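Letters A, B, C, D, E and F name the chains as they come in the text, with residue numbers starting at 1 for each one.
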Amino acid sequence: MQEATRAITLESLLAEVARLKAEGWRFVTLTASELDAERLELLYHFDRELRLQHLRAAVAKTAEVPSISPVFFAAALVENEVQDLFGLRFTGLLLDFRGRLYLEEESPMPPFCRRGREAEAPRGGGGSEAPGGESCATR
Amino acid sequence: MRHTVIPFGPQHPVLPEPIHLQLTIREERVIEARPALGFVHRGLERLVESRDIAQMVQVVERVCGICSMIHAHCFCMGVEALLGIEAPPRAQVLRVMWSELHRVQSHLLWLGLFADCLGFESLFMQFWRIRERILDLSEATAGNRVIVSVNVIGGVRRDPDDAQLAWMSAEIDRIEEDLRRLEPATLDDPTVRRRTVGKGVLSRAQAWELGAVGPTARASGIAEDIRLTKYAAYGRLYFEPVVETDGDSHARLRVRFREALASLDLVRRAIRLLPAGEVRLKLKEPPAPHGETVVRVEQPRGELVYYLKGSGEKRLDRVRIRTPTFANLPALLVMLPGVSLSDVPVVTLSIDPCISCTER
Amino acid sequence: MTAGALFVIVALAAGLGIGVISAGFDRILTARLQSRVGPPLLQPVYDVVKLALKEPLIVNAWQAFCACTTLAAAILAWVLFFLQSDLLLVFFVQAVGAVFLVVGALAAASPYSHIGAHRELLQMLAYEPLLILVFIGMYLETGSFRLEALFAWPKPLLLRLPFLFLVLAFALIVKMRKSPFDLSSCHHAHQELVRGVLTDYSGPLLALAEVAHWFEVALILGLFTLFWPDGGVGRFLLPVAAWLGVIAVDNLTSRANWRWMLGCAWGLGLGLAIVNLVWIR
Amino acid sequence: MRALRRFIDRMRAKSPWLLHFDCGSCNGCDIEILACLTPLYDVERFGVVHQGNPLHADLLVASGTVNPRNRKVLENLYAQMPAPKVVVAVGACGLSGGVFRDAYNVVGGIDRVIPVDVYVPGCPPRPEAIIDGVVLGLQKIARGGEGR
Amino acid sequence: MFELAPVILRNLLRGPATRRYPLVTREPFPRARGEIENEISRCTLCGLCARRCPARCLEVEPQSGRWRWDPFVCVYCGVCVETCPAHSLRQKETGRRPATSRETVLLQGEPRRRGGGARPAPPPDAPARERP
Amino acid sequence: MDVRVCGILVVVLAPFAGAALCGILGRSPSGRRAVVLTTGGVVMLAALSLLGEVPFRLEIPAVLHAPLEIAFFAADAVLLAAFLYIGAKYRHAAILVLSFLQAAGLLVFKGFLARSAGPPGGVVCDALALLLVLIVSVVGSLICFQALPYMDNHERHYRVSPSRQPRFFAILLLFLGAMNGFVLFNDLGSLYVFFELTTLCSFLLIGHDRTHVAVKNALRALWMNSVGGLAFALGMIEAYRSAGTLDLAQALAAPRLEGDAIYFVALALFGLACLVKSAQFPFQGWLLGAMVAPTPVSALLHSSTMVKIGVYFLLRLAPGFPGTFLGQALALAGAFGFLAAAALAVGQSNGKKVLAYSTISNLGLMFACIGVNTGSALLAATLLLTFHAVLKAMLFLSVGAIEQHIESRDIEDMRGLYAAMPLTAMITLAGVVMMIFPPFGVLLGKWMAIEAAARHLPAVVMIALGSALTVLYWARWAGTLLSDPLGTRFHAERQPLLTWLALGSLCLGTAALSVAAPWLVEGGMASIGQPADETAYTVVRGGLESASGSFAVLPLSLAAACGLLLSALALRRASRARPVPPYLSGLQTGEAAVFRGPMQQPVRVAARNYYLDTLFGEERLNPWVNFGGAILLTLILGGVL
């Protein structure tokens, strides 16, 4: 990629995002892609005056990722999407669909993890336990 | 206590697309809006597994029928960047021409739908009548009315001749004249103003924080337009984003109306600028790019982001599409509480939602 | 007795005719104003016949009761008008129809019907006082509420009650469910309330409601004839003019919300009416 | 009696009220369906009125791919329409899933869920083709009478 | 409130803009993308169209000589036409008509024998409709 | 003794006797029941027996003059002492002051002015008095009957022990006697006693439950009504001063010379007393507070009878109004009350409060009619008084029955009541229909009111607005009752027989009276408040006709019956058609009114009525209506000075 990309860890994620926000960077989106059977790659994209900057983190599929939605509410939707499609669990989501943003029970789960099906079991906390109706609330 | 709970959508006459809003209202005042998506989710990003790069162009064109040209444009630009090639100059200008034509078409469509959701049926009919002529231009030059399908990796598939281009210029002039005739009714009509001024206000700070893009952001005073990055041939066309500062539905209406006019002008100037030459690179072998890239273009609804990752095979590893509506939805959720029920369609449409884009 | 029955049949036919022609021409004219061709003139008839023969789907059985009562009241009001009864009485009877339509909508458990019903009530709140004041104006001028006397009044009421004419036209907009006051339901279902008060009436019940609407529109159009004495073309032209005005306004405005409508009715409408009433007193 | 029956069928064919449901379409078909209502095509000539309400509709015009979530909506809408009713599927996605038919969240075309009477191919079909489809559907109503 | 008045008056006076479609048909634009046609006599059954088709609506069976096109899956993008080396595929300018039942277009071409060889005269098969 | 004397004695004295008996025998439920049923039945029969006799006047035998005078004076003293005691007990300054002023005034009056007041005025039983006697005796008795099962339930529910019903029924019966006394006696002095007696009954009954709110509201009712009492006392003094007699008929008949007849000042003071008693703005507060009382109390005192005292008395005084500024002001105040109360009713979801505001609203309309004071206006007031009394009693009783069943009086909780209590819901619905639709009596009255008030521009504008608001709050309620009873078949739910008796007879009675309205008018109503020379309406082919309008009661009733029959048939047919869920954007589930919401959770549609409290809420309107009411009151009082 031609733009600045920095590798970060999950621990430093929130601090980094907060710093970028303070510097005037706009949250563009989050891209998840599958690295291998165990890991996913998360790419956070930010924009300032038409220039992009990316934060890159490799995370285990079973990891609990801190949600950046308290910093950028705009991230809530995309984090839900990743939770749906990759089965990755985000904690502290301001708007949590619990894996039911796009998918129904009969949809294949999680559809984007195709290498190593063992990542299937914990589905964003929504599959097994009955999802409570109240958690899906706008702030 | 006295709350009414309404399922708004997925099937609802003012929503052209299925999205569900569970509205909690109290005597027409919205207290809470809970969204539900997933009625259009197809999972097309994963089609990269079974489609080669050239076929993917046809797939991404169908992410959204209203801005299909621009999706394909973005995708092709991304692949071309990965391959380290560039489309010929004529193709670049043609892409801009069709993109802007698409933008006009999309804005006219939106203006019509917006008028309709205000209950202004006759205005709706007028906008869509004009829009038909844009579609004729598309069909005549690209072969299709809606999903124009002209982009390929390394250029475009159609090359309009001079007679067509001259006819297009003349037609654009007439369309502009017709459009300007609707300007007073659209922007100044007191009943329209009453329904839009002050409805769904998004301040500049909110718009930035919620990541709003495109006309939604520009109506709140954020002068951001990806076309300013001078991709394709935009660097060679003088162009200034349309910005309003009120941040309400009427500001968004003004932005889109003026943008439609500006885009007509861009089409006209692109035609004038059109260099002679090839429109399509002859690729020796099927493209098999390696590496990753983020490409952005300006869609009618705002910033469109593609993330492409290839590993040297003829199928990409990952395509990720972040559409403008996806970025504007958080703003919508913040704007809805507090508006009256009759303004829910107005505010919802004012971000020009495109759900098929959003959910892919 | 037979003469009476015949008269009632003529009245019914006239009401139906006026309703159908008004609705049919409305759709054609609207289409032409939007540079479309529009449906055939008898399209409302086709619609109603089709609806009447559709499978009856029942959301709440009371809707059938209410739709039937609505139609009965609309017809009765029209027949009373035709029989030259008392103006206020005609008004009260037509209100029965309007209210039962609302009651039926409230009976369905859909929020769309519900909100539509409440908006319909708010619309009644807007136009009912205006209609009463129009009648009061006619009484002050002619000394009678009897249609008999009003029809026979030799002088054009329009010249004395011009503002009340406008006020009645306002009521016509609301009654014809036209923009800007098509709040509770409108003919083209591009509305946040789907079809509002009519949402859960389906098939034959909708047909009943539709026919009732014809009679209601015929009644209000009929009221315009009172503004001109017998024998003049004005008697025919005034309702037509009002009708044309309503269609034009429909195509020139977007939909209002209820606060605005109530403001218009109770501010502007009431103001005009009172000015006119004070003037003629 | 026969004449009456024919009269009724004619009335039905002259007043098709249309319900449009976008299952999971890319909007291409939807805007072409909507375009049919606008001045250049004006399907109101045939008495077509766009109804937002299945309870009032005779003609369900559906477009787009069916997915597990919207199939329930589609079933609901179909069940809520009074007989006689006709379903017109519009566009490649609605007919079969089109270019998306092997995507993971796609069940297939409309006829996987509800019986389809008229298929309008195209991606998207031109408004003329949609009008043709509607007219075919009307013939079906006029012929069948009973519907389903 | 009367901002639109000139426009609607104009509309009224100028008459409807409607093209009365079934009665009046407009000439299609040149090179508009419509129905796919295969001149089966020229088709070499190479299968490139099927491989390039983004919608996977084509099936070519060289052994049996069958060329099958599913118009209900086709997105009419014209990629097959562009890639056809034998130029047997053609795209009409008018779209395919609506149908009341599922249909596929099955054309019977000359089965390709292993090892190739001279091709005899093509059988004049008309398009056949097949119902599943 | 002839029928007249006998009848009068029974209707006035039997309730007092019943009250006393109730105090003695009321401990046992059956004894209580027997006393109430017997008293009610006897009073009802006696009142009916007077039907053919009117008008007549009975003089009180001379031997009774002195004892009666002493008795009434003693009663006055006891009542005022009671008020003072209450004021002292609850440390309520307003009650103390007002009662003291009344006591002082009366002492002065009896001691110095009215030494030679002459013989008490006797009993005048004309059409108006008989109408009231019939309402009090028949409707009142029916309410008392229904109160028997109601209070049993009530005490069971609130676990009241020992039973306080003997006291309750004693007061209820006492009230009947007081009411009958008030409408029959012709002597201002006696009227005053009965007036205060009703106030006391009202106070005791409002506070019956002895909760904090009940006591507070009872005290409010008492002090506000004491304002009325004081006004009445002053009016009486002033009337005596100007007319020289306490005989009402004589005073009214006295030549109307300035300062000579019962005129401006007295009339205005009586007007004030009536407005207070009828809870017109700004005194509406006490009636709303009175809704804490058990529902039969609300039905009897606070809608059908006691609050009608104001209307009755002004109707009696009506000949004094024509052409006066007072009449104009009264018309304005009444119309204002009609509009303001209707607007406030729109903002309420509490069923009893809606009924209360509706009562205030209708009373306002009656006052407006009396103020307009033409022949047809007075007839309108009479018709409204009659039909409102019967119908509102029924509606209150229905709400009482509903409240005991669903344990709420909120309209929102009555959603789908048809499924739970079909017959009561139907009766309530019928009540609503008879309240706002032709050809029923209330609307007949309203029609006359509008036609009569047509020349009184400010009043008629307010009436027009108020009518529309009235339709709104009733229609909303009616629709709510029918909401979503899908699949339930009609059946009469279990209710005590006495409840059905009261509800059924009141419901059918209203319908029958409505159809018979033209003949009621012809049969004597038209003469009320008017010297009988003017007949505003004639009966033509079962309808009422005046010079300016006609109301075809009988033909319309027939048409309505046909329409009802057809609609009922449609209802039957529809019950057999295919049921579908309502429109829920395609998200309906198998369960009625539940849709699949976000995250595929089942969500219940909660459709709620509009109460528009930003426009019509009490907080918003109260300052305005109180201000308006106060202004108009000042106008009434100040105008005469």
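FYI, a contact is a pair of C-beta atoms (placed from the backbone, for glycine too) under 8 Å apart; a residue touches a chain by one contact, two chains touch by 3 or more.
Just so you know, these numbers come straight off a predicted model, no measurement behind them.
Farthest from subunit E, judged by the mean position of CA atoms in each chain, is F. Chains joined by the most contact pairs: C-F.
Centre-to-centre spacing of subunit C and subunit E amounts to 52 Å, using the average Cα coordinate of each chain. Look at where the CA atoms of subunit C average out and do the same for subunit F: the two points lie 36 Å apart.
Here the CA centre of subunit A is 43 Å from the CA centre of subunit E.
If you average the Cα atoms of subunit A and of subunit B, the two centres end up 25 Å apart. In subunit D, 21, 38-40, 42, 45, 50-55, 67, 69, 73, 77, 80, 98-99, 102, 104-105, 123, 126 are the positions where the chain touches two or more neighbouring chains simultaneously.
Residue positions 4-7, 10-14, 28, 34, 38, 41, 43, 46, 58-59, 62, 122-126, 129, 147, 189, 191 of subunit B are each in touch with at least two other chains. The multi-chain contact residues of subunit C, meaning those touching 2 or more other chains, are 31, 33-38, 55-57, 59, 111-112, 114-115, 188-191, 194, 199-200, 202, 251-253. Chain pairs recorded as touching, per the definition above, are A-B, A-D, A-F, B-C, B-D, B-E, B-F, C-D, C-E, C-F, D-E, D-F. Listed in rising order, the residues of subunit E touching subunit D in the complex are 16-22, 25, 54-56, 70-77, 95-103.
Residues of subunit E touching subunit B in their complex: 1, 3-4, 6-8, 17, 29-33, 52-55, 75-79, 82.
The touching residues of subunit C, counted against subunit B in their complex, run 30, 33-36, 111-112, 114-115, 179-180, 182-183, 186, 188-192, 194, 251-258, 260.
Residues of subunit A that touch subunit F in their complex: 97-98, 100, 104, 131, 133, 136.
Listed in rising order, the residues of subunit B touching subunit F in the complex are 1-12, 20, 22, 26-28, 34-36.
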